[in-house]
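Multiple structures are listed underneath, in structure tokens.
Shared chain: chain A. Partners: chain B in the first complex, chain C in the second.
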Partner chain A sequence: MLTFTLRRLLLAIPTLLFISLVIFLLVDLAPGSPMSEIPLTVPPEVRQKMIEAMGADQPVLVRYLLWLRQFFWVEPATLIDGWFGTSLAGGEQRILSWQTRSPVFTMIGQRIPQTLTVVGTAYLLGVLIALPIGIYSAYRQYSWFDQAGTLFAMIGFSVPTFFTGTLLIIIFAVGLGWFPTKYDTTLTVTDWDSFLAHVRQMALPVLTLALANAAAISRYMRSSMLDNMGQDYVRTARAKGMSERTVVLKHVLRNSLIPVVTVIALGIPSIFGGAIITENLFGVNGIGAALILAIHANDLPTVQTLAFIFAVLIVLFNLIADILYGLLDPRIRYD
Partner chain B sequence: MPDASPRKLVEVRNLKMHFPITSGILRRHAGDVKAVDGVSFDIFEGETLGLVGESGCGKSTVGRALLRLYEATSGSVVIDGVDIARLGQKELRRIRPKMQMVFQDPQASLNPRMTVAAIIGEPLAEHTGLRGNARLARIHELMDQVGLNRAFANRFPHAFSGGQRQRIGIARALALNPRFIVCDEPIAALDVSIQAQVVNLLEDLQDRLGLTYLFISHDLSMVRHIADRVAVMYLGQIAELSPRDALYANPLHPYARALLSAVPEPDPTLESSRRRIILAGDVPSPANPPKGCNFCTRCPQAQPVCHDVKPPLLEVTPGRHVACHFVPPITAAAGSTGGPEASERNRQGEDR
Partner chain C sequence: MTDAPTAPAPRPRSQARAIWDQFRTHKGALFGLIVLCLLVLFVVIGPLIWQPEKLRVAEALKVRNLGPSWRFPLGTDQLGRDMLYRMMQAGKVSLAVGFIAMMIAIFVGTTIGVLAGYFRRLDGPLMRLTDMFLALPLIPLLLVLVMLFRDRIAQVLGPETGAFVLIVFAIGITSWMQAARIVRGEVLALREREYVLAARSIGAAPRRIILRHILPNVISPVMVAATLGVAEAIITESVLSFLGLGFPPDFPTWGRLLYDGLQYMQLYPERVLWPGLAISLTVLAVNYIGDGLRDALDPRIRGR
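Right after this comes the complex of A and B.
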């Protein structure tokens, strides 16, 4: 298992380098330029200086290599400096946002907590809702519960979050007044009341996203349960005289969870990616909102860096899913 | 029959297993697949009853319905004095230890995420008080009985060969000291060299533990080797139920005759003179069996009466039951037995 992990990590290096090049070039070659944001009233020589200051006048290859060095050396070094008070980075320039002239990673550090609490809670809640629905739907296939679960999943799949989110706002925030319409990023949890306020402002965005997540995962759970329910070993367990509870929860469920756990692990990078639409809808100042803002402003370094971080996470969680699969299924051995 | 006064361990009466066919958007009940349609037989204690027939004739369904792995549509299955078909789930689970099953596919019938020890030991924890070391000792004892190395107790099923897996399946079935075991094509998924091992193991265990088997197979030579009596099934019903030697020497039912003519003869000179009876046509759909005798559409001897009247399964000579209009019951044939005993009948498919 260890050699497998190491081999996969080594293989990930060329993969990620290639992805980084593709991302960098795609973003760079896309139409739109930060220069177009500079008002025409600015004199040409000042304009030239501004472009030079951003480093945007350099050829694309130079900018790519510089960005790679900043991403893989300067940023980690700065992080370690911040933790241990060393001076590894030596004051080298970090990846700067063209928009704000501040380091991209500082911005990410400020925004990631919002994203993780809202999107992460939604993912967790989605999984917790989806598993029981999937299990019971499969156990009572074609019952009214199963039909209702299918309807729920279909709604979750097909209705976009901007619609469900708006609907929830109209019903619960405007109509009933139970929750605020907007997420207040400045709220800090200090006591019980502020904690309650935080839970209330999280409720609607979390619910919106959880519905979408639960829809997909409950389907996976259901079909995986159905697959296993018809297996011969389940009949064996019944013939052994095991109780129905043991048959379903021990024999069927444990085998059915193998693919579902993988799907759940593969979905985790999307938490870090944030939820662009939902974050904008509820005013959550998260990563998704930052990405959209940077795209609008042609802030190339921010877009490139965020996109590449997502790529790293996806590669990483693919590996984690594979390892989990090996741990859960004794038939799979990575030697 | 091995004994002078054998005790009936299993009595099956008019067992029917119909699977509903639904159609249309409203899932209306459109008919039934009559997988097993009125089957009656007895199994005596300590004997092996072979159950043979072609694919899809309902052999496996009989085996599963017998242990109530399917809910039978109607009929009764009395095992050791208890009607299995009518028990509640709780009582059923309590008597499961008495009756076990060895499954056809040794790969699929073992939970891939459980070790051998867990697979064999699970029913022990459920039905007996055995815990810890006592349980492990019993697991090891069972593994010895079926010839598996004790050191393999903590391995997973995928690490074993087909024959070894079937031994695990047998050890699992034996764990609770059952009296009756349904062997549902236990050798069909194994290659020939392993088949002999497994069948000999089953015979050994029968001698040592006094087990009663229902041995379901489509391998006629293997059934000849292991069974005491043989039932031939066709389209959900028993065509003939006879002692092994009598059946193989002289099958009475036309279907049994056709089926047994397919057994190859090892002696080449005899083999060249073997006359195979080839039946015309296909097996009718069990959803729509023919009126009258089930076999009438393909029977070489079919007469008008066969298309109208269903022949009951009658005892034609002592110990031999045949469902055919043209095998007349030989009452008082040998002179010694006769009269009232010979008219004992196992009726099948009468109240359709």
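Right after this comes the complex of A and C.
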């Protein structure tokens, strides 16, 4: 298991390098980059100075390596300095946003709590909705509940989150007035009332994301349960005279959860992608909204960094899913 | 004694017929097919039948933000444009994006899958490439692609064709990975079959073996992947349009109409509802068709 983990970790390095190269080159070689958009009224020698100051006159390879160094050495070092008061980074240049001239990672650090609260709650809620639906659908296969669950999953797959979100806003915020339409990020939870207000403003974005995830996960749960229900050990358990409850909720459920857990782990990065839409719709100032802001403002360092962070999340959770699968299922041996 | 008249044997069912019979038993798939046909009729035949009156600017200003009426069945938008006509136009673009992007994705995916599956030497590198593409964060990358290349391509091809080509191409080259994996798996199994060996032993070139013997046998999984790919592409396009990085407002798709309607959501919710419903219905229909096709094309299920 350890060698497998190590090998997967090593394999993740070229993948990450490839992705970082794609992201870097895409942004760097694109015709629409702001380097080409310095106004013509700027005198040539000033223009030259501007380009030199941004380091844009270096060869591509040098700039790529410098960017990698910033990303993998300077930024973590600064983070550690901030925690332990060391001076590893030694005041080196950090990745600066072109919009605000402040470090990109500081901005991300400010925004990530909002994303994590909304996305995390939504994913948790989605899983909590999906598991019982999947279990009961499989236990009573082809019952009306199962049919309804299938329909729910099909609709959940097909209706895009921006439309579910808009529908929820129209029904619950505009029509019924139960929840606010926009997420108020200045709200701080100090007492019971502000906590309730926070719950109410989180309700719609969380529900939007949770429904989309619940649909997919409930299907996986159902098919995994169905695979296990027909196994011999289930008949043995029943023949031993165990209660139906123990058979389904202990024997079958535990074995069925193995593939579902990996699916849940694999779904985490994509929910960050889905959060881009939800955050924009509801005005949550998380990293997804930051990406769209940066794109509209042509803020390339922020765009590169955020896109790369999304990629790191995907690679990381693929790795976690693989390792979890091996840990949970003793029948799977990678060595 | 052997020339006793035998009853004429019942005509064997053709394969297409068998597939159709199986497909018909899937209620959802049938529903999907009908809905999709209606939607295609709506966007293709609709504009031929429903010609909105040509309004001058002053006239259009008088008919802004109207509700449904006989003159404007779905009302008008903030510039006095007929929403029904706009829905038809937008649907045409949305469906076209879905189908063409899917075709690009399937073409690239099948090519890579066949190459990886058939030529052992290419298998490793091509599959690593596929894995790396799967690890790319697609929505952020597509957004960046559109942001960076939109203006340049619009200069060359004009804003409408430019947006169309860019988005279709971008979606196509970022969604071929599933198809490639499916095809590779199938080809790996097929290339060990006797008839491929037979073809090789009579000296058939790899190109001929692939085109003649292998490709026809991977068509069923590819068709299922293609159906689901259409749904995926339509959603991706509408996400781009929804985030304001898709099609220009005078050349809308359903996603763009929804995006435009968002600002007026509180006063005129129907402007968000119609395009949203259209996208959802299309995707739902296509997904159901994919489901039905999967069952119908699987010979183990068919005929039971």
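In the analysis below, the second predicted complex is superposed on the first by the 301 of 335 C-alpha atoms of A that agree within 3 Å, B and C clash if a C-alpha of one lies under 4 Å from a C-alpha of the other, contacts with A are read in each partner's own complex, and residues count from 1 in each chain.
In this section, a contact is a pair of C-beta atoms (placed from the backbone, for glycine too) under 8 Å apart; a residue touches a chain by one contact, two chains touch by 3 or more.
In this text, all values refer to a predicted model and were calculated from it rather than measured experimentally.
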Partners on chain A (chain B, chain C) - clash or fit: fit
Which superposed partner A:Lys240 touches (first chain B, second chain C, both, neither): first
Partner chain(s) touched by A:Ala311 [first = chain B, second = chain C, both, neither]: second
Which partner reaches more residues of chain A (counting touched residues only), chain B or chain C: C
Touching partner for A:Gln231 - first (chain B), second (chain C), both, neither: first
Partner chain(s) touched by A:Phe162 [first = chain B, second = chain C, both, neither]: second
Contacts of A:Leu26 with chain B and chain C, given as first, second, both or neither: second
Partner chain(s) touched by A:Ile268 [first = chain B, second = chain C, both, neither]: neither
Chain B versus chain C as contact partner of A:Ala297, first or second or both or neither: neither
Shortest span in Å between Cα atoms of chain B and of chain C, once chain A is used as the common reference: 6
Of all residues in chain B, those that touch chain A in their complex: 64, 67, 69, 89, 92-94, 96-97, 100-101, 103-105, 108-113, 122-123, 126-127, 156, 158, 169, 172, 176
Partner chain B, residues of chain A touching it in the complex: 231-233, 235-244, 246, 251, 254-255, 328-331
Chain A - residues contacting chain C, complex: 15, 18-19, 22-23, 26-27, 30-33, 154-155, 157-160, 162-163, 166-167, 169-170, 174, 181, 269, 273, 276-277, 280, 291-292, 295-296, 298, 303, 306-307, 310-311, 313-315, 318
Complex contacts: residues of chain C adjacent to chain A: 28, 131-132, 135-141, 143-145, 147-152, 231, 235, 238-239, 242-245, 258, 262, 265-266, 269, 272-273, 276, 279-280, 283-284, 287-288
